Amino acid sequence: MLRIRLVEEAIADAYPRQEMRCPVHLSIGQEAVAAGTAAALARADLAMSGHRSHAHYLAKGGDLRAMIAELMGRQDGCCRGRGGSMHLIDRSVGFMGAVPIVGSTIPIAVGLAFAEKLRGQTRVTAAFLGEAATEEGVFHESANFASLHRLPVLFVCENNLYSVYSPMAVRQPAHREVFEVASAHGIPACQVDGNDPEAVFNQVVAARRHVRSGQGPFFLELKTYRWREHCGPGFDNHIGYRKEAEFLDWKKRDPLENYSRKLISAGLLTEEGVHELSEKISAEIAEAMAFGRKSPFPRGLADFVYSIQP
Amino acid sequence: MLRIRLVEEAIADAYPRQEMRCPVHLSIGQEAVAAGTAAALARADLAMSGHRSHAHYLAKGGDLRAMIAELMGRQDGCCRGRGGSMHLIDRSVGFMGAVPIVGSTIPIAVGLAFAEKLRGQTRVTAAFLGEAATEEGVFHESANFASLHRLPVLFVCENNLYSVYSPMAVRQPAHREVFEVASAHGIPACQVDGNDPEAVFNQVVAARRHVRSGQGPFFLELKTYRWREHCGPGFDNHIGYRKEAEFLDWKKRDPLENYSRKLISAGLLTEEGVHELSEKISAEIAEAMAFGRKSPFPRGLADFVYSIQP
Amino acid sequence: MSELSYAEAIRDGFREAMRQDQSVLLIGLGIPDPKGFFGTTSGLREEFGGDRVMDMPCSENGMTGVVLGASLNGIRPVLNHQRLDFALLAMDQMCTQAANWSYMFGGQVHAPVVFRMILGRGWGQGPQHSQALHSWFAHVPGLKVVLPSCPQDAKGLMISAIEDPNPIVYIDHRWLHHVRGPVPSGHYRTEIGPLRVALLGKDVTIVAISYMVLEALEAAERLAAQGIEAEVLDLRCLRPLDREGLLRSVRKTGRLVAVDQAWACAGMSAEILACVVEDPQTCLKNPPRRVTLPDCPTPTSPALAAEFYPRADHIVEAVLEMFGRSREPGELALQPGIEYDKPNPAFTGPF
Amino acid sequence: MSELSYAEAIRDGFREAMRQDQSVLLIGLGIPDPKGFFGTTSGLREEFGGDRVMDMPCSENGMTGVVLGASLNGIRPVLNHQRLDFALLAMDQMCTQAANWSYMFGGQVHAPVVFRMILGRGWGQGPQHSQALHSWFAHVPGLKVVLPSCPQDAKGLMISAIEDPNPIVYIDHRWLHHVRGPVPSGHYRTEIGPLRVALLGKDVTIVAISYMVLEALEAAERLAAQGIEAEVLDLRCLRPLDREGLLRSVRKTGRLVAVDQAWACAGMSAEILACVVEDPQTCLKNPPRRVTLPDCPTPTSPALAAEFYPRADHIVEAVLEMFGRSREPGELALQPGIEYDKPNPAFTGPF
C-alpha cells in the first residue's frame, strides 16, 4: 500500500513536468483493494484491469521501472512505449493487460480463465473492474458465461461511488446493490470494506479458495473512494460534482494511515520502520524515474502491428 | 389464441408454395403469451418484439392482411415489402416494430417508454423478448436504465427453453432463474405459466397496474414451448436436439385446447361456437391470403432510405 | 484431390486444423447443431468432443472477448457467427481489442483467433441479415481479412487463418456453400495475402470479391464470346491487400472493373480503384468502373432483392461500355423464370 | 456574428436547437459535468434543466437503443460520446438499427437522433482513444455523416443535424475545440450535403476532412509562396457526399490530393479518389494522391505519435511531387521545440 501510494504521489508530482504525456488515473485512497487482493493471490495467478490499473499492476508485482518508462513513452516501457498509462502489462508476474475501454477486459479475463479450465490448469484469474463497468452489458455476458462454465475467475469490483463526475445516483437504481446483480447470475458475491486491507485479504483468500476448488467464479464488491481527480494529478472537489465533506469523511478512512496505525499499536511495526520503508521506496521510485528518463524514445512506428511468431 | 394458431398454421401450409420468401418464426404452442398479454394491455399501449413476432403483432391488433402481404413481399405489406416476416409494424395499434437481431428492440422499447415519461404520457410499453435475449448485454443495460428512471415498461419474456437448437443448459447457469436476473436490477419480476392465458392475463393486469402507477418497470417470465422448428413451417423433433417425449408433454399443455375445454366446461363456450369462430377466422385468413396475392410487388428500390418529413 | 462443396471444404479445414493442434476450439451459437451450421461443422463434435466443438450463450460481444482472452492463453478459438450482422455487437472486442493487442503491448502478446462470419443473401434475409460489411474490417490495421470464393481456398484459408498468430476475419458467403470444386485432401495452407488469378486475360481486369467472383467468371465467358478477354482476379484477401498483384494485372490490361456485393461508398471497391490510380506506373485506357450494390439497405421483397444485387449482366455492361459498345436492349432486365433470391435451385427456405 | 471557439459554437448550436424545440434532449456520460464536456455543454443544464441535459449509465449500446426509441416517440435526442471509440459498442444500434428503421418499415417511422462523437488525438490517447473511424459510418446508407472543421459549421451543422428527421453521425475533433472563428448569432442551419470551398485555387484540389482542413490551409499557404494555387475543399459531409462539388473543382484544377487523418484502406480517402477517377468527364494531369495515417494503430509515446499524424508538410510534399519539384531536404522532419501531441499550446493534460 505504501509503495502504491508513494508511486502514485510521485507520478502526481512529476506529471506537471509534462514528461508523462498520457492520461493517468491514480489510485490514491484505493490502495487497500489492490494490496489486499494481490497479497491473497499466488504469483502464478493471472490478472487484468482497466484504465485505473497502476495499483493492480504494482500489487501483482509488475515492474515499477517498466511502468514509469511506459508513462514516459519510452522504449523500455512495459509496452515499449506503444501503450502508456492505460495499457499496462507484465506477463512475468501474470499481469496480463489493462485497457481503457470500460468493461472490455472483463470478458478477456474470463477468456483467460476459460483457457485455464480447458487446459486443466488451476491458476485463478482476477478481473479488476470499477463499479461503472457493471453497467456495461459485457459485464453481464461475461458473468453469465463464467457462471455457466464455473470458470476460475474472481471479479474484483472497486466501487468508488463515481464514474468520472457521475455519481451512482444517475447510473444505477438506488434500491439494489452492485454485488446483488452479480449474485443473480448465480455467482457467490459479497461486499467488503475496500479500505480495510485485512478484510479484503481475508475475503479474497476465501473467494480464491472457492474459485480454485472448481466451484466457479466469485464476485467481490469493495467500497472505497478516489481522492484525486478522475484523470490527472490534481484534486477536484472544488468543481462541485462531489462534496468536500464526503471527501474528508473518506480521508479519515485512509487505508494506509489506519492500517499502519493498527500495526504500530499491535507492535508489528514502528514509526521508524514506516519511515525507513518510505525512504527505501522513495529511492526505488527515484531510480525508476531516472531509468525512465534515460530510456530512449521508441522507433519503428509500424512494428508489432502483426505478430509473426506462429 | 385461436386466430393466432390458425394464421400460423395457414402460413405453415402456404409456405412450401414459395410465395412467402423470407424466414418465418412461428408461434404455434406459444399463443397464450401473446393473447393473454395483449388482452391486458390498452389499445393505446405500445409494444415491440423480435424475430418471432407474428403472435404479438396479431394480438396487439395488427392488420392481418398487411402482415400476410408483407410475408409475400408485396406493396401493401405492413412495411411495403421492405421488411418481411421479421420486421412487422402497425403503428395504428401501437405495435411499434420488430427486428430479428436478438435483443435489439429491448432498449428501443425502453426508449419509447422513456419518451412517454419525458412527455408526461401514461402509455405502457411492452417489450416482448425470448429467454435468449436475456443473454445479450443490451438486455441488462436496458433493464438497468428502466429501473433507474422507473420507466413505464413491461418486459414480457417468453421462455420456450430453446434458442434455435440450443437448450438452456448450454447458455445459462442451472442454479438461477431468468426472472431472478431481472429482479436483481431492482425490477419486480415473476414467473408465470405461459400456456395458461388466464394466468398470463391476470399477471399482466397486475404488472401493468404497477407500471402505470409510476413505480417503474415489471418483468414477466412466461414458460412455454415452441411446437414447430425454430424457423420455417415444419417440425424438427426428429433431428435430435430435443426429445419427442418433451414435445409430447408440452403438447398436452396446448394452451388453445386446454383453455377452450375449460371455457366449454364452464359453459362459456360451445363446441359449435369454437367451430363457428374457426370458420370465420379461416375465411378472414383466406381473404388475407387473396389480398396479399393480389397486391402488387413494390417498386422503388431506393425509396425510404432517408426520411424527408421534418 | 477430391470434389467437395465449399461447405464441406470449410469443414475439412476445421478438421485438419483440429487434428493438427489440440488447442483449436470451435465455438458459436449452434455450432454443434444437428444441421451442422450449413454443413460446415457436421461430424466435428462426434470426432473432437463437446469440449472442442461447443455452443455458447447469445452474447456476441462477451463471447468475442472470451475467445480473445482464451487466445492469449494457449487456445486457438474460431468464433462462428451465422450472420455477419450479429458480429456488429462485437466491434469493440474485434477492432478496438483484438486488432490492437499485439501492437499496443509492444508485440508481447499474440491473439491467434478467428472470427468467422457468414454473409447472408436472398430469400428475404433483408436489411438485418445480409449486411456485407467486410470493408469495415479491411479498414482496420491489426486484422487480416479473407473471403474465399472457391472450395480449395475455403479450406486452405481456414487452415491458414487458424494457424496464423493474428486475429483473422474469415467471411464465407451463403451462396457459395453448395458450390463444388476440387479440394486437396489432408493439411495444406493457402497463403493469406496473394490474390488468385481466376482467369487470365489481356483486355480488362475484373477484380471481384467472394461470391462475385462467380458472377465475374460468367461475365468473362460472355465477354469472350464478344471477343473481349477479361482477366478475373479473386481478391480473396482484403487485408493485407495484394497491391502488386492488382497492379500487375491492370498494367497489362489497362482497364479496371471492381466488383463487390457491398456498398460502394468508402468500401473495398473504392480502395481497389484508389490503389490502382494512385500508382504512377499504371495508365488506364478508360476510367475505372465499380459494380456494387445500390446505395440502400437490403429490401426483403424478392421483387426488390432481384434488382438489388449486381449480376454478371452488370459486369458485362460495364466492360462493354469501356469498349464503346452499347449493351443489348434489355440486357439488365431480369429473366423470367429465374429465382434471383435463392442460393441454389434446390433451396426451398426457410433460412 | 461573433467570434467564438469551435466548442462554444457547438454549445451555441445546442442552445438554439433546444430553445427552438422543447423535445430536444442532450444525453451522454458526463454531459452535465462541471467541465462541460470540453466546454461544449457548459451552462446548458442551468438553462434547460436536468431533464433535458442528462447523464446516463455507462451502457453505450443500450443507451443508443434508448435514444433511438425515444426518437421514434417524439423526442429529438443527441447522444454524446467523449470518444468515438466508445461508440463502437453501439454499432448494432447505430448501423443495423437506426440507419435501417426508416427503410425497412417502408418510410413509416422517422428516427431524428444525433450520435455525436469526439475524435481524440494526442497526449497519449493511444490506440483506444483516438480511432478515426468516420469512414465506417460513411459506408452505411440511412445515416448522414458530418464532420465540421470551423466554428460556423460546427454550430450550423449541429442545428441541422438535430432538426433533420434522420439519424446523423456528428463528429467533432478534439483539436478543433479551441479554434476560434466567426459564428452567426441566433438560429441558422448549415445544409447537410454540400462541401465547403475553404480556399479557391486553380492548380490542385486538396480535399480535407475535419481537423485536416487546417493543415490543408497551411499547406496551401506554403504552396502559394512557391507559386502553386491550391483549392482547399472542406469535406464537411461524408454522407451524402457532394460528388458534384468534388468533380467541379477537380475538373478545374486537374489534380487531386485527398487528406484524411484516418487509415487509407477502404476509407474515405479512397472514396474521394474513386469517385473522381470513375467520372468520365474528369481528366487528371497526375495520379491522385492520398495523405493519411500510416497503416498502424495509434502509438501512445509522443515520439511515435508525432510521426504518426500527417501534417501540412506531407500535403506540401505530395503536391510538389505532382509538379515535379522535389521537396526540400528535411521537409518532413519534426521541428524541434514543437509539441506535436498537444491540441493547442495552452494544453497541459491530462485529457
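We call the chains A, B, C and D, going by the order they appear; numbering starts again at 1 in every chain.
In this section, contacts are C-beta pairs under 8 Å (C-beta built on N, C-alpha and C of every residue); 3 or more make two chains touch, one makes a residue touch a chain.
Just so it is clear, the model here is predicted, and its values are computed rather than measured.
**Q** Could you tell me which chains are in contact with chain C and with chain D alike?
**A** Chains in contact with chain C as well as chain D: A, B.
**Q** So the centre of each chain is just the mean of its C-alpha atoms; given that, what is the distance between chain A and chain B in Å?
**A** 45
**Q** Quick one: chain A and chain C, Cα centre-to-centre, how many Å?
**A** 41
**Q** Can you give the whole-Å distance between the Cα centres of chain A and chain D?
**A** A distance of 35 Å separates the two centres.
**Q** Please set out, as single numbers or ranges, the residues of chain C touching at least two other chains.
**A** 56-57, 59, 61-62, 85, 89, 92, 96, 103-104, 126-128, 141-142, 295-297, 299-300
**Q** Got the chain A residues that touch at least 2 other chains?
**A** Only 77, 79, 81-83, 87, 99, 101, 135-138, 140-141, 144, 148, 170-172, 305 qualify.
**Q** Among line, ring, star, complete and other, which one matches the pattern of chain touches?
**A** Basically all the chains touch each other, so complete.
**Q** Sort out for me which residues of chain D touch chain B in the complex.
**A** 23, 25, 51, 56-57, 59, 61-75, 92-93, 96-97, 101-112, 141-142, 144, 163-166
**Q** Mind listing the chain B positions that touch chain C in their complex?
**A** Checking each residue of chain B against chain C gives 15-16, 18, 21-24, 73-74, 77, 79, 81-87, 99-103, 132-133, 135-138, 163-166, 170-172, 231-233, 239-241, 297-299, 301-302, 305.
**Q** Please name which positions on chain C make contact with chain D in the complex.
**A** 61, 85, 88-89, 91-92, 95-96, 99-100, 103-104, 126-128, 131, 133, 135-136, 138-142, 238-239, 241, 263-271, 273-275, 277-280, 282, 284, 287-290, 295-297, 299-300
**Q** With touch defined as at the start, can you tell me which chain D residues reach chain A in the complex?
**A** Of all residues in chain D, those touching chain A are 29-30, 33-35, 54-62, 85-86, 89, 123-129, 294-297, 299-304, 307-308, 341, 348-351.
**Q** Any idea which chain B residues touch chain A in the complex?
**A** 135-141, 144, 147-148, 170-176, 180-181, 183-186
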